[in-house]
């Protein structure tokens, strides 16, 4: 089990890195998720309200649903000003410079998004463990934290969730493996700052490798009469 | 009003049947709802992540929203391992055998789904009553418990919710009648295990009859210039 | 900061008007939001279940999500019978008389909807302040209270949220300005009944003016190759 003090430390902002570095990473993660929401809003031809809403939901949605389910209310996503200001900043940047972002920043954006994925699946799982969840429940909330905002973005934009699409390069599976690793480490009393940092890094690396080598999650066999897939 | 002890008993797993039978029914209900979510994911050509996500949301979504609204956090759907393992199992079965399920098991599937509808509208209403809701609030949460997961499934799959469609055979109305019967029985101090079991059975029977005789909910009059409907 | 007693008073139903007038306004707001949900359900050719569900989600959804995030559970929207009966009434009226509503009542409907917008952004922000949120978090929940139900309606109807569409006349921005004004007034210790009433009225007036003069929120520049927009 997770020692309460370590848990607190982990949740308050350490996955084994220097706290200020990790806080910076977390804000970068929120920003990058916010940009991804804003870009979808622009593509859908939404107005300023839509850009702000999609940026905020993408950046904070996963964590807010996690906190409502854990009973951590009002959630930090609403009480810490930076949580809400950073998505607003992301919305403003998208609003002003989406053409430039799409032209030059989509590749770096994917790298930061992968960092957010690794970080949030770890911090989400750790938070679930500190609230008494174990095993598969903690894994589920870790994955929800990292991926729920993007699903909310797609639902609000009336698009099929990218997370579920067969042409999507591995995204949910690295998050699930990372959340699982944290949960197993905790079960065996081996969850520490360095472990958490190593898991976040591994999730990041797996996502980057999946992008590089176009790895996809398995699909159901024989989905179509033609018998493709598998 | 519901006596706390009876309430606890009812929520912990008795609607008047042998507890082990009812727990089995509940897991079957979760499994069947999970299969229905997985099949939609296959039809939408989603990957493994989508199959697992839709199976889980369909099986647990209604109960999780109910528990977040009641303040029962973290909810049993996340703390009891079987709640999450059974949807995973349903996802695995769909992933491996969806062709066979669609060919041979869709009719039995509808029967089990009707059993889940009856069971969950009763347990959801009872749980709402134990948390102090009365009247129409308890009915609303009972219906939400039984039908919310399916609506979540359809929203994530970007399809019109089957629950609302005019060509859908009665589904929400049996749940509402069942939730209403439980609430009325509770108001008159007549809510007992056998009553709960009778209501769950009646909801099941009404749903099966609706399937057999193609009963539909009423539709608004004069929806179209041609004046059809009513 | 908001004095607890004033806060209680404000939340319990006074934004500076006679309490019975304000309660009447609140029920009218719920009714009008419910009608808007029911009309979308009719247009989508949904059945009675869909009409009731969309009326209820539109009328209560924003407040329910707010309360789940604040931890005010079970929320008043489920415990006060009138909160649920009024959307049912709205659904019944739409079910029976949607043709007449669409022909003759859409303009008055927009006026009442604007009143609901002003009222709910104020009461939602005040409630968030009483639960300890400050600054941007309180503004976010105020806007969510006033607009979240409509977004839920559109998601369930599988339509692009009207709130985000570029052809939508100002809706979210008046709510955000109103929520911001309440938050600023509270910060400077100047939140009182008359202030709250003035803000609600100003939001109402701004929405009506936007309808009259077809004011739109800004859109991202250069969305399309043709270079329109801005």
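The letters A, B and C name the chains in turn, as written, and every chain counts its residues from 1.
We adopt the following convention: contacts are C-beta pairs under 8 Å (C-beta built on N, C-alpha and C of every residue); 3 or more make two chains touch, one makes a residue touch a chain.
The model shown is predicted, which means the values in this text are computed figures rather than measured ones.
Residue numbering shows that subunit B and subunit C use the same positions for less than half of their mutual interface. Note: Cα superposition of subunit A onto subunit B, rotation of 120 degrees, nearest 5. Between subunit B and subunit C the centroid-to-centroid distance comes to 30 Å (mean Cα coordinates, whole Å).
For subunit C, residues touching at least two other chains, in rising order: 68, 71, 155, 158. Only residues 41-42, 44-51, 53-54, 56, 64, 67-68, 71, 73-75, 78-79, 81, 84-85, 88, 94-96, 98-99, 155-158 of subunit A touch subunit C when the two sit together in their complex.
Subunit B makes touch with subunit C in their complex at residues 68-71, 128, 131-137, 140-141, 151, 155, 158-161, 163-166, 168, 171-173, 216-223.
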